[in-house]
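For reference, the structures are reproduced in the following blocks.
Look for chain A in each of the two complexes below; its partner is chain B in the first and chain C in the second.
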Partner chain A sequence: MTAPVLSVRDLVVEFDTPHADRAPLRVIDGVSFDVVAGEVLGIVGESGSGKSVTMLAVMGLLPGGQARIASGEVWFNDTRIDTLPFAGLSALRGGAISMIFQDPMTSLNPVSRVGRQIAEAIRLHQPDLNRAGIKDRVMELLDLVGVPDAATRMRQFPHEFSGGMRQRVMIAMAIANEPKLLIADEPTTALDVTIQAQVMDLLAEVRERTSASMILITHDLGLVAEVADRVAVMYSGRIAEMGPVDALFDAPAHPYTAGLMRSLPILAGGRARLWSIPGQPPDVFSRPSGCAFHPRCSLAQEHPVCAADLPQLSGPKTHRAACHFAADVPAWIAAEDTV
Partner chain B sequence: MAFAATLLSAILSLIIVVPLLPSYDAFSQDIFNSLLRPGSVVDGRTYWLGTDILGRDILSRLALAGRVSLAIALSAVVISLFIGVTLGLLAGYFRGITENVIMGIADLQLAVPRILLIIAVTAVLGPDLVTLTILLGLTSWVSYGRVARAMALSLREREFVLSAITQGAGPAWNIRKHLLPNVLPQMLILGSYELGQIIVIEAALSYLGLGVQPPMPSWGLMINEGQDWLEIEPWLAIIPGVAIFMLVAGSQFLSQRFTPEGAPDTDITAIGSRT
Partner chain C sequence: MTAPLLRIDRLSKQFAVRNSSGWGRRTLHAVDDVSFAIAPHETLGLVGESGCGKSTLGRMLVGLVDRTAGEITLNGAPVKGRGLRKNRRLMQMVFQDPYASLNPQMTVHDIVAEPLRINNLYDAARVRDLLHRVGLSDEAALRKPAQFSGGQRQRIAIARALALDPRLLVLDEAVSALDVSIQAQIVNLLQDLQRDAGLTYLFISHDLSVVRHIATRVAVMYLGRIVEIGSRAAVFDTPAHPYTQALLSAVPDPARRHRKDRIVLRGDLPNPLDPPSGCVFRTRCPRAQSLCATKTPVLTPQACFDHQTACHFPGPIRATSTPPKPEGEKT
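== the complex of A and B ==
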């Protein structure tokens, strides 16, 4: 197995509460994962499960003064980056690690020409490059991301671009310095379905050229199944299950993953009421004892241990789940399906 | 709009064109032809706006005074705009102690009337054109600072700033490349509004003898000189008054025309009325 590009070890992120007497909130509570060269890791989970905060912590972009990495380590190649000062991180951001945001409508500066904004991404990391060199590179990038007529388009402002075109520009900016790791935070959520497919194809093409790894944050299970090599399912600030995409989707070892799969509408077959996991995702202010999922889990109802002990990720090296009864899950799924 | 543009272009073209014409000298005195009424013709020469007590042509003095006023006001606007935008963006971007210090100074400065402060300092340093310009510049930055800070507060949370940070941009880069271009249009509108304010203050100070010194003409000074003859030759004071009105009203109306409606960040009239 190759050495990981990004390695996150037991990451704990705490947020301060407005109440001085309360302990800080553990928004991320012991998250570990690796991303190896060239792979796509999908991170899925409900809103508030900690997907985005994990990535902000990796990039060192947690809101200062309110949130901090309380413990754990983040390694990029062979450098520990969670302890780097701002300047050290700046060299890394947009260089070796870059990020693509959810909403291309707001991620471009409305008063600056598109070409100039891409040029800025280049100039931040290659300050010695001359004007002509930068211009050539901008044209090349626009060509690469499939923006036709680059010479004209680079002189235009963001409002002259459609949503899909803007996301292409964002991708051009993200890959401007040949990053080793791309973090895509719900890159297609704001786009139409047809444009989604184009953007994902483009990302695949770009990754092939630059052989970059990618972390894909999304709550679109279909997208993950299509694109990712491995998946991590997050629930209430912890990883519930992690494994290769096929194994995880075919045979979930955590009741939460199984619940997510079951909540998908089935296109074939008869009509039925859309199933959903009972209850609400837990509030970080009052996370349930033991396994955070136990109040919503029918498997846990017969087992008092679920409410008492916090399950750790266990199971085979490649496919692990944080459930006391991971071994019973397949049988449980079969039983549930017949109901 | 059309009214404002007409006022402004009329007075500006007068200021620009008249001193370029031959046979008009703002300083040559002709004591035998003093206090001529507007439109008088003497020795084949037409005095369109008449002459003052020393027989100097009022039209050419008016135009030259306009140049002086405009030069002072424009320089003061540039100085205050630079200070205000810089401090405002720093306060809005960094928040915390930087913001508290800068906004504290701004509030302190708002509490002291601008004109009073300038009178006090001029009384110590003596009246001088350059001193006056710098003083006007130093005392007028607060409105730019407040608006720039308010805009920076919302801009710093925008995704394109976060996106720039993920590309490795630092604070200086973000302020220069992402905040400044977004606040500059509003600052220029505010500047055209402040221009009028500063011209009025300059005229008031010159009227009081603390601004432009004779024989250099100034609109405020001309009103002062005409004051003694108000009952018999009122045009001496009225003409420079009308000139001030045209320039100030023109620039104010025009600046309001360009202010985005209902934009709370840019409600310049609300901020202007407090300064």
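== the complex of A and C ==
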């Protein structure tokens, strides 16, 4: 087996509350995963499940003074990066690890020309390159991400670009230094579906050229199904289930994953009525005891253990679920289907 | 066929937009010559990408935006002048963002009671009944919107829209901001309400999967025009317009994750201030010919009369390896 590019071990992230007397909130509560070379790991979850905070923690971008990694380790190749000082992190960020954010309008500087912003990413990590070299590289990158007429476009400002074109600029910036790991946080959520298809095709092309691994964070199960090799499903700050994309979609082993799949109105077939998970996702201030999903889980109703004990990820090495009754889930899905 | 509940005829909306230089104005055709009818109890899904004019169309129906030209007929009576106030009660709207569409300083009871009070119909028991119908408890009535999650807030917005017993609800991206598990709850609620109260929906959304689930008929908009309209089965199973085909093909779907035949459109949406001549879709269309640049296609019936497409070269997806080069393409 190949060594992982990124390895996250028992990550715990705490946020301070405005009330000094209260204990800090455990927003991420023991998350572990590996990303191996060349693969796409999809991280899915609903709003507030902690998927973005996990990645901010990995990149060392947690809001300072309010949030911190309380325990756990983050390894990138053979370097432990969660304890690196600022300078060490800066050398990695935008270099060997780079990130693509959701909203390309707010992540680009509105008063700086696009070419200059891409050039900055190159200059910081390749200080030996001269001005002409940087300019050539910017043109090459814009060309690569499919921005036509690069020589003119690099002299324009972000507001002169459409949403899809801005996201291409973000991708050009992210791949400027041939990263080994791309972290894409909802890269297409702000875009229309026909533009989303263009951007996802571009990301696939770019990864093929640079053989980079990618972590794709999204709430869109359809997108993950089409792009990812492996998927981690997050619920209330923990990983509920993790496995290869086909196994996870064809035979979910956690009732939450199964519920999510069945709440989707799928394009290919019509059901009379959508299945829906009862209740609301828990907020971090009042996370339920035991399994955080138990108040919404019909499988948990007969089992007091679900409210008492926190389930750990278990099962075969490749496909694991954090459920006390993962073995009963297929039978439970079949029973629910007949109702 | 039963008489339509709502008919719109050659409806247009033009906005005057200031030039970027600050001098002079240009005309933006947000909605251009749109006609359709909605039968009682049906759900017309209106789909399209951002900027195609679907929200402007919905707002024109309920009178939030004045129309530039065209007729709206509700129940056989024209909606204009004095008829507007009466008809407004019969057409209500639910907006996308439940965080912005509810007054944060009012209690839930007052929010739902407001339309009743305006029309001198206030009755506390009726407010309680409305809240029960959308699945909220009596205790919720005393709280303020900030204490509710997105899904619960959308229930409040739906209760408010139902207060005056409308016949037609315009749902503008009403479930788009919600998480999957909550979205399913609200979609089911909308379907239950439609069955119990005989409601008619105009369901505006960019999410084709949800539209396929909830709509009985579907209209596809592109740059202010309807390019295809028909029954759900006709539009989703045998789309005839190349834009509809590309749109359907672009939606990621777990059930189709191993397909290889995705159509990816080239380029961006054209600038609506400077739309292409002829067919507005021709700059991105794999089938465009010289005719498309000169003649604007009109909605024409396909295999069945109810299924109409505005395309000079409609038909199923073709396995052409070399798409014809679009002529007169702007660079």
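Keep in mind that, in the parts below, the second predicted complex is superposed on the first by the 332 of 339 C-alpha atoms of A that agree within 3 Å, B and C clash if a C-alpha of one lies under 4 Å from a C-alpha of the other, contacts with A are read in each partner's own complex, and residues count from 1 in each chain.
Assume a residue touches a chain if its C-beta (ideal position, glycine included) is under 8 Å from a C-beta of that chain, and two chains touch if they have at least 3 such contacts.
Just so it is clear, the structure is predicted and the values come from calculations on it, not from any experiment.
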Item to check | When chain B and chain C are modelled together on chain A, clash or fit | outcome: fit
Next on the checklist: In the overlaid three-chain picture, which partner chain does A:187 touch, first (chain B) or second (chain C), both, or neither?
Outcome noted: neither
Checklist entry - Is A:42 contacted by the first partner chain B, the second partner chain C, both or neither? => result neither
Item to check | Contact breadth on chain A, by residue count: chain C or chain B | outcome: C
Next on the checklist: Quick test of understanding: once the structures are aligned on A, what is the angle at the Cα centre of chain A formed with chain B and chain C, as a multiple of 10 degrees?
Outcome noted: 80
Next on the checklist: For A:179 in the superposed arrangement: first (chain B), second (chain C), both or neither?
Outcome noted: neither
Next on the checklist: I'd like to know which partner A:162 touches here: chain B for first, chain C for second, both or neither.
Outcome noted: second
Next on the checklist: By the touch definition at the top of the document, which applies to A:261: first (chain B), second (chain C), both, or neither?
Outcome noted: second
Item to check | Touching partner for A:277 - first (chain B), second (chain C), both, neither | outcome: second
Checklist entry - Between chain B (first) and chain C (second), which, if any, makes contact with A:106: first, second, both or neither? => result first
Checklist entry - Looking at the overlay, what does A:219 touch: chain B (first), chain C (second), both, or neither? => result second
Next on the checklist: What does the superposition give for the shortest Cα distance from chain B to chain C, in Å?
Outcome noted: 14
Item to check | Residues of chain B defined as touching chain A within the complex | outcome: 158-160, 162-170, 173, 177-178, 181-182
Item to check | chain C to chain A touching residues, read off their complex | outcome: 49-50, 149, 151-152, 179-185, 187-188, 191, 206, 208-210, 212-214, 236, 246-257, 262, 264-265, 268-269
Checklist entry - Contact residues on chain A for chain C in the complex? => result 46-47, 162, 164-165, 192-198, 201, 219-223, 225-227, 245, 249, 259-261, 263-271, 273-278, 280-281
Item to check | Residue ranges of chain A touching chain B (in the complex, touch as defined) | outcome: 59, 61, 86-87, 90-95, 98-99, 101, 103, 106-112, 120-121, 124-125, 170, 173-174, 176
